[in-house]
Amino acid sequence: MADTRIKDAEPPALLKLQVNEPHAVAGHAVEGKAPAAIREFLNKRGSGAAGDGAFGALVLACALSILGIVVLILFVLIQQSKLSLHAFGLKFFITSAWDPVMGDFGALPFIYGTLVTSFLALCIAVPLALCVAIFIMEICPKPLRGPVAFLTELLAAIPSVVYGLWAVFVLVPIMRDHLGPFLVKFFGWTGLFSGTNFGEGLLTASIILSIMILPVISSITREVMGAVPVSQKEGVLALGATRWEMIRIAVLRNARVGIVGGVILGLGRALGETMAVTMVIGNHPDIAKSLFAPGYTLASVIANEFTEATGDLYLSALIEIGLALFLVTVVVNTIARLLVWFVTRNSAREAR
Amino acid sequence: MSTNSQLRPNRANVLRRSASNHLVTAISVLGTLLVLVPLIAILVYLVYKGASSLNVAFFTHTPKPVGESGGGMANSIVGSSIILLLASLIGIPVGILGGVYLAEYGAGKTLGAGIRFVADVLNGVPSIVMGIAGYALIVVHQRHFSALAAGVTLAIMMVPTVTRTTEEMLMTVPHAIREAAYGLGVPRWRMILSISLRTAAPGIITGCMLAFARVAGETAPLLFTAFGSSFWPHNLNEPMAALPLQIFVYAMSPYDEWHRLAWAGSLVLITLIMVSVGLVRYVTSRGRLKGGH
Amino acid sequence: MGVGIEVKNLNAWYGQTHTLRDINLTIPANSATALIGPSGCGKSTFVRCLNRMHETNPSARVEGMVKVGDIDIYNDAAPVEIRRRVGMVFQRPNPFPTMSIYDNVASGLKLNGFHNRKVLDEVVERSLKQAALWNEVKDDLKKKSGASLSGGQQQRLCIARALAVDPEVLLMDEPASALDPASTSKIEDLIFELKDEYSIVIVTHNMQQAARVAENTGFFLNGQLVEFAPTSTIFTKPHDKRTEDYITGRFG
């Protein structure tokens, strides 16, 4: 394309100079001078260096406080769990004694309960979250998209204790009277559904957990699916692919790393979720094969026993569980963030 | 290539492909419905159970001992409001200023990246762990449970969310209008307060509301900090009643009367969260200029 | 009242890139001075060195002397103090979107701590009249956002905003390049009006525009000031071959 500037510039000889010739100016000349007060005021106004210095220090302090808080939390957790750390060492995590009277503590039952409920919750939530994300991003009619997305996000706005309340009075009876017997009848042979079904237990806790982590996974999944370039989708469609083939080939394949990130983020949430689980898991430090059996998670044992913990060692053991939970969620969240960051960075780079 | 052979036109193939397409569509619709069912069930059940248990006494009375009927959760509502106000007063300013650092001072610096990462980590720490941290940081030193400890703990939980949203919102403020302010001889701190933050305000306020809504329903961090109480709140250095705590206690009790109160409390809690979010949105959306952002 | 500008041995860098080399010139007071030159030659960098906006870029560096009136701006004063004396209008209109028209114009004073309502009212009206925008906006000064105006109106709003602090020098970096011909001619009229009271430096790609409004014109090339002379000289009998080539469109 020709540079328009050059066209503007005629040769000097032809350039009709209007230098300094008065224009036909619309009569908006303003008489009088600007109020002298202004110039005086502004000239006296200082360099603002003091304000800048103070403000810079203030925001830096606030930002550093985040670092400080995390360090402080780590410090007090270690300090307060010293007693238990010394008494049991790493054995703490592989023994299943939980005897406040004798002062013998091992966290294995809680680790077991946490792993089982989180794993089951993921098994239930991930396929559903994928369904929701695919539905919202690719299938849902445009006008419905916003409302459906809003509804699923609303799931995240309900407090944990309200989920627990609902689980106690609605989910538990359903488990006891309907879903439980059904599972026994058809899947009893697996041995996973043996023993008395009180309605409470590992499975009920997993179900309520899955509802709670679903919005996290589906919103991240939607985000990474949205980052898949439209051109790729159109390219696959242009080859004559059906919508499902397009989703599978273009969308899911491109988004899979990010989806894994979302799943891990959901896992982080599930590992630490407390109230709703505590209300329906039965709170018994057992390692049972049956999913109907009562269990205990790392988070729920803290919630349940902390205020009643008598004796320093007991309290210290509970705080050590908290420390373990802290470290595990930090690791899990770091992995998830790195994966999501990796995907969105890549797609941002492609977009450029 | 498998995709190639799948895409080759062939009558049987086409049928199978379109069938699997329909099947997957159906599964995804069903899955979505399955997710919406519990949501709607919870909301409907909550409104039904809660509303039928609400009465004036609920909002005006403190809890009655077991066995006596009546009583309410007025002290919990007041207690929660006090704790949340305290948390917001600490958490929101610190969070916003931290976000200002990340966006305006820390861009491209290692320290900025580090703080950003740590904020994300803090965001993912389970609330029960924050509860223990609040206990170990404050309660242990005060030697008693207190609303102060609860407020500070919730504030700490708000900070990372507020910081990260503030940062993200500030990043969307165009460089050109910062330059305009600098060009007028406005000092940097004043530019940030009156131009950057002002322009990003709607997004920042939304972020603060989300942080608020999140901690408003938190129970676990209150267990070992506010602890709960059946009396009216008196001062910040005492155990204090809080709505989520009281719901938990009532839900786990064996009494029908208390179960009713738990439902009513949950309805009030959710309404409180929604109304405060809506109210702030409404207030901040008013007085906006025509054609402004 | 405007003051003159004296530039001695000015050098500027972005990181390692040496963007301005040994610039020397004297810009007379109460007149319009045009700066022309091909894209990327350093015109914007130069005007940004005149009010210390250059150093808002973290990688930027400046050496040399710039005197605005009697003030050696890199030694005698803080950046904010200079910018209050040397106003700037940018290539793209950049009104503050959250502020009303009134507040946009008053922003330079209000954000610097001046709050006398009566004086502010007077200044806002005067500046908007100077910028030939008063008649178009006087009815919804406080109701409409600055961002709700058209592009040309926004640019005049930005000029009013710059004028409201009563600067001694007004720097305009391609103020009309994003505007249609009608708005452009309004802005040119404005410059013509304003140069009696202010010293104006205007960067432009449009040589007709330079010819129409400016007493003096400087030609930049590759970070150097090739020629600085009265506008009529530059456009009719430039001393330097490169200036002539550029003006006659032999290269761009």
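Chains here go by letter, A, B and C, matching the order in which they are written, and residues are numbered from 1 within each.
One rule holds in what follows: a contact is a pair of C-beta atoms (placed from the backbone, for glycine too) under 8 Å apart; a residue touches a chain by one contact, two chains touch by 3 or more.
Every value quoted in this text rests on a predicted model; they were computed, and no experiment measured them.
Taken pairwise by the contact criterion, the protein chains are fully connected, each one touching every other. With centres computed as the average of Cα coordinates, no chain lies farther from chain B than C. One inter-chain figure worth recording: chain A and chain C are separated by 48 Å, centre to centre, where each centre is the mean of the chain's CA atoms.
Chain A and chain B have Cα centroids separated by 13 Å.
Shown for chain A are the residues in touch with two or more other chains, namely 42, 45, 47-48. Residue positions 80-81, 84-85, 112, 165 of chain C each touch two or more of the other chains.
Touching two or more other chains at once are residues 185, 187, 190 of chain B. Only residues 51, 53, 56, 80-85, 87-88, 90, 92, 94-100, 107-108, 111-112, 140, 143-149, 158, 161-162, 165 of chain C touch chain B when the two sit together in their complex.
Every residue of chain A that touches chain B in the complex is listed here, in rising order: 42, 45, 47-48, 51-52, 54-56, 58-60, 62-67, 69-70, 72-73, 76-77, 79-80, 127-128, 130-132, 134-136, 139, 148, 151-152, 154-155, 157-166, 168-170, 211, 214, 239-245, 247, 249, 265, 268-269, 271-275, 279, 299, 302-303, 306-307, 318-319, 322, 325-326, 329-330, 332-334, 337. Those residues of chain B whose C-beta lies close enough to touch chain A in the complex are 3, 6-7, 9, 17-18, 20-21, 24-25, 27-32, 34-36, 38-39, 41-42, 45-46, 93-95, 97-98, 100-102, 104-106, 112, 114-115, 117-133, 135-137, 140, 156, 159-160, 163, 185, 187-190, 192, 213, 216-220, 223-224, 227, 244, 247-248, 251-252, 259, 262-263, 266, 269-270, 273.
Listing the residues of chain B that touch chain C in their complex gives 174, 176-177, 179-187, 190-191, 194-195, 198-199, 201, 289-293.
Listing the residues of chain C that touch chain A in their complex gives 77-81, 84-85, 109, 112-114, 116, 119, 122-123, 126, 129-130, 132, 134, 165-166, 188-189, 192-193, 205-208, 211-212, 214-215, 231-232, 235-238, 244, 246-249, 252.
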